[in-house]
Amino acid sequence: MKLFSQIVGVMLMTTALAVPAFAQDVQGVSDTSIKIGTFGPITGANYAFGRLTMNGLETLFADVNAAGGVNGRTLELVRVDDQCDPAGAIAAVRKLIFDDQVFAIIGGSCSNGVMAAKEDIEQSGIPFVNFAAASNNISAPEIENIFTSMLTSNLESALQAQYLSDLGVKRVAVVAQHDAWGSDRHKTLLPALAEKGIEVAVDEELSMEANDATAQVLRVQGSGAEAVVLLSYPKPASIFLRDAARLGFTSSFIGTSVIPDPVAFDEQVAVPGATDNFVTISPSRYALDSAEAAEWLEKLTTKFPDDEPHTYNLYGITAGQLTVAALEQAGADLTQASFIAALEATSGLETTFAPGPLNCETHQCLQAAAWIKRTPEGKTEVVGLSTLD
Amino acid sequence: MLSVLLASGVANGLLYGLVALGVVVLAKAANAFNFSQGDVMALGGFVSYAVIVTMGYGSVAALPIVVIVALFVGVLSYLLLRPLMDAQHAVALLTATIGLSFLVKGTIRLIWGRQGDYFAVPPLVSGPPIILFDGAVIIPLQHLVMSGGAVLMLALFALFFRFTRLGLFMRSVADNPRAARIVGIPTELVLCSAMVLSLVVSAVAGFLLAPATLIFPDMGFSLFLKGFAAAIIGGMMSLPGAVIGGVLLGVTEVLVSGYISSTAQELSAFVLIFVALIFFPRGLFGGRSSRSV
Amino acid sequence: MAVPVQSIRSAWRSGSWVYPVAIAVVVALIGMTLNPYLLFLLTRVVIFSMLVAGLNVLMGYSGLLSFAHAALFGIGAYVTGLMQVHLGVPYPVALLTATVGVTGAGTLLVLPALRLSGIHLAIATLAVAQAVHWVLINWSAVTFGAGGFRAPSIAIFGLNATQSIFLTSLVLTTIGYLMVRQLVRTSFGRKFVAIRDNSVAAAANGVNVTATKTIAFALSAGCAGLAGGLYSALLGFVAPESFNLEQMILMKVMAVVGGLGTMLGSMIGPALVIFLQEQLRDSQGWLEIIFGAVLIGFVLFLPKGIAPLIYRVLAGKRTETVETGPRTGQKVGLSAPTDRAVEN
Amino acid sequence: MLDIRNVSLSFGALKVLNNASFSLGKGEVLGLIGPNGAGKTSMMNVITGIHRPQTGEIRLGGIDITTSKPHEIAERGLRRTFQTSLLCSGMSVVENVMLGLEPQPAYGFWGALVGSPKVRQWEEEARQKSMEMLDWMGMAAFADRPGSSLSFGQQRLVEIARALVSRPSVLLLDEPAVGLTAPRVDELAEKIVSIRTEFGTSILLIEHVMQLVFAACSRVVVMNAGEVIADGDPKTVTADPRVVESYLGRGYYAES
């Protein structure tokens, strides 16, 4: 019978640990602080999309806290690593909701991870602002508690098609990497191009592992395409541009929001002149080297001296400003419902870096993007802002 | 188009061949395989980045430092894995090298992981590409250096095995470990040098490859896999076979990509591995008899 | 002590089903009290136990190295999820089809490779795994490509989705555990160990080496397929990166840490590794280094894993048999010189 | 019982067996001797299907087994031991012996999975038989020890038990006396003789230790450089000048 009583003892103990202590009325909110959770890859290959965006968010929170917080409460950020893996994202989100008991989640970097965790977010009703994952399916169709401050893949594709159409391009080549992000972009770009009457001359793959793009360049070169859309991370895109330069292939090259910094990209390509005809799209209207970003750049480097500053920091700042604005709007009597209502009511919110005012009526708050080029002097230059016609 | 494709296929293939050389050296002398070879290759790239870009020395300075780092890692790996380096521990050794691969990759990420996502290493030589036959063949200097370096390494290996005492020892241990021990060949030394040599050649391959690509901590594994495929195609026991296997793989990849589909490029290496293993278990150049069980 | 130690020992020894089932019941009761986060982790442990039990038959008992298990696990998840999504088949039917299908597919894929052994087999399975991954990503008409798809979750007895899949997984894993444990205690288990320790001697004693390898592979593929089907319902979202090589390495770490060639190790390994993984969720880049060090450390210093230590505690001083013997494929020092290898 | 006719085997340019022929009669204990590298073990590997000869034919009880696989040959009733003792380290001694009974378990995969009564019965009987066999070899006391914990000589005896437990018609022993002391060799010789008398097994014995060959064998075949150079009763054969020249050497008579 002793064994039995031991088992019962273990069960009771576990129950005691598992049942949350209801010390406060609203989860994650005390009189002095608001606990906000964030998840994304902090380590591993995709750390930039997670950790660096979190750095931006945390820098903004620190800034707000230094100025007295939101309605007298300071913002506290809890980071959880999802390692960019669906199971990891589910565990991370559940940890934030049930273990850390945060008030809201501002995070998400890998589309598949967020998609896997979406059901939990939906069911728990916790306010969620996606800050870096691109997939349109995260926020569409609209779900009550899910918002996004990132440029969605649908919008980015539509804006790219519009840009090409404005240039008068009739035939384009697409060079894509076939991972979750790349295929999501690919899937939305093809119909967007078709809608603008632009023909896809060739559709090539260039993987992350590739160290050579000779075959792809030759095929694109032979296709008579007037412009090339590079749906890839900086690495494959650089390989492509290097090989294009060496094979004497010049064209207009269109980048994506994962290559938001054409100056850094030019350093990666490292072939003089290879990025002269490269224009990229960004969810940020100022680059890190601009005068407008200088103040933030300093705060970021002071707070996170080990991490190289990166455009992804700025996406975190945008998400943070949206969050803070909505928290202020929701007032001192903060609940998850009032925060969600405040988010939804956000309209015409000007942030430091978003290329247009944030309107969260459709829950996809960012509806504009900037076009960025590298100047011959090696500075970034915003060559245009665009919103969908 | 074909000539351009072939030129780049050969240049890439020679690099696969270099990794394959490392695979074969270790397989021959110690009958072992080391999963961390690809990560040491990445390490070679990162060390040359540190020397050339961060510290601002020239490429000439990078090579000896890459070799020294690889020697260090190699000796360390040997000391760590020594208890497992015999035929009875083959599976355990392989598992341990997977751990080693994680260690090396994790260390790379710890040192360089926060400084950016992908690093560009400047070319070893700069200048316009060599254009032959009115532009029918364009060979970038970097490819020429890569190919030249790979061929040079192969030649050094051949000389080493033919003319040095250690090389002779390694050959005889490979042929018959039992007999080698009986006649007094220092087995320990041979195993250690095989491990070190295979990692050094990988790191040098990383040094040669780095300027042609962008380096990132996870780059190693797929390169190791391709080097391994090259070694298998070449028969696992033959040094020239390894290099020819590498070239064959590089050319196949680029031809598949150029004439069939760039999506199928990644698949071609795996198909080649499988086909080679099943239909040419001794490789195209190997000549060892196998048992029926 | 109300329950005499002696009777516990003899129950372990006889391979009675009572203790595993009692443990499963306790785990079930504890599980039902846990919050969704902890229950999710516990269910992962349970599902990976099933997978690692199969992997153990292959790696631990038979000494065959496979890198295909993450891919087979993936095929199981994809078949289960896709049959529900595309064909509207109920979950149990989809799960069964996936299990049978992966058993068949795994065997077929590896049949030509079974002529190989050791590292060559490992590399052949690695190539198969990478090819499967490629297909999952590129056959998007069926698999939904790299972006993955939402797989239906299940609900039984009016419980929530996580609790339902937890109980289902626990029941199936317990049954699977008992069956595999039963199998390795019969002549099949002896054949597995024989081809691992010395396939030449095994063949000379009438063991059909190829057939035995095939059975080991089929069995472990079946476990992977079933585990994959359960995983699909647990995650509710199936995407290629859940089944890549990193996951494969994780499975290997689980098997090695738990104890190769012990059934108990198949349960302990996943628990420890998943616990460690969660503890390291907020570590800054040390995950790879720690897992690498753990793997090397175990192979070098604790090659039998943790399970034998637990057996020793549970069952007192026991003799080593199929269940507890050395399992890492290494031979314990012979008392006589061994340099007279078989002449060939 | 076992007929080897004109068997040749080569590895590349190296000719290991050259047109070798001999036969093993029913109930006979035949010694196969020769210098190192004469091809004795290769011959054994060819007979047991580990290597396939390029030419020639091997018959077991009148059936051609030249191209059969090792396990098929074992199932036909031919078992062997190895030069180096090869007990499975991961199993207990008795489990090692039970392995010798594996080809004919009376149950299938599904039965084994659910542990049907038939399985238990077979396992019980197999353990019984194996224990009897171990007992006969005088090794019953070690039944539950791990295979690898035994001394070299003990492992050898267990290995013979494993080969014998299925009552094979032919038994091949590859240098069973290696590493044994002289009194042990005599015991082993006695055992070998009683294997023949008790089980009617025909035995082919490869051996360097002439003490054992003389004590156990009724006939001796001598090989050198892959060829059979002599075949006859031990006394006659060891007196053959060619045999003395190639193998036994001048010192042989002085020693014995």
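The chains carry the letters A, B, C and D, assigned in the order they are written, with residues numbered from 1 in each.
In this text, a contact is a pair of C-beta atoms (placed from the backbone, for glycine too) under 8 Å apart; a residue touches a chain by one contact, two chains touch by 3 or more.
Since the model is a prediction, treat every value here as computed from it, not as a measurement.
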{"item": "Lowest number of touching-chain links that must be crossed from subunit B to subunit C", "value": "1"}
{"item": "Chain separated most widely from subunit B, comparing mean CA positions", "value": "D"}
{"item": "Central chain (by mean CA position)", "value": "C"}
{"item": "Centre-to-centre distance between subunit D and subunit B (centres being mean Cα positions), rounded to whole Å", "value": "46"}
{"item": "Chain centre separation (subunit C, subunit D; CA means) in Å", "value": "38"}
{"item": "Averaged-CA centre spacing for the pair subunit C and subunit A, given as whole angstrom", "value": "36"}
{"item": "Geometric centre distance via CA averages, subunit D-subunit A, whole Å", "value": "71"}
{"item": "Set of subunit D residues in contact with two or more other chains", "value": "49-51, 69-70"}
{"item": "Multi-partner residues of subunit B (each touching 2 or more other chains)", "value": "109, 113, 263, 266, 291, 293"}
{"item": "Multi-partner residues of subunit A (each touching 2 or more other chains)", "value": "43-44, 47, 178"}
{"item": "Touch list for subunit C against partner subunit A, complex", "value": "1-3, 26, 29-30, 33-38, 40-41, 44, 137-138, 140, 145-148, 150, 153, 231, 235-242, 278, 280-288"}
{"item": "Contact footprint of subunit C on subunit B as seen in their complex", "value": "33, 80, 83-84, 88-96, 98-107, 109-110, 113, 178, 181, 221, 225, 228-229, 232, 263, 266-267, 269-271, 273-274, 277-278, 281, 291, 293"}
{"item": "Subunit A residues touching subunit C - in the complex, by the definition given at the top", "value": "1-3, 7, 10-11, 14-15, 18, 20, 42-44, 47, 79-81, 83-87, 90-92, 94-95, 97-99, 111-112, 115-116, 118-120, 135, 137, 178-180, 182-184, 187"}
{"item": "In the complex, subunit B residues that touch subunit A", "value": "1, 4-5, 8-9, 11-12, 15, 109, 113-120, 122-123, 129, 138, 140, 209, 212-214, 216-219, 222, 254-255, 257-258, 261-263, 265-266"}
{"item": "Contacting residues of subunit D [partner subunit C, same complex]", "value": "41-42, 45, 48-51, 69-71, 74-75, 79-80, 82-86, 88-92, 95, 98-103, 105, 107, 109, 112-115, 119, 122-123, 126, 144-146, 148-152, 155, 162-163, 166, 178-179"}
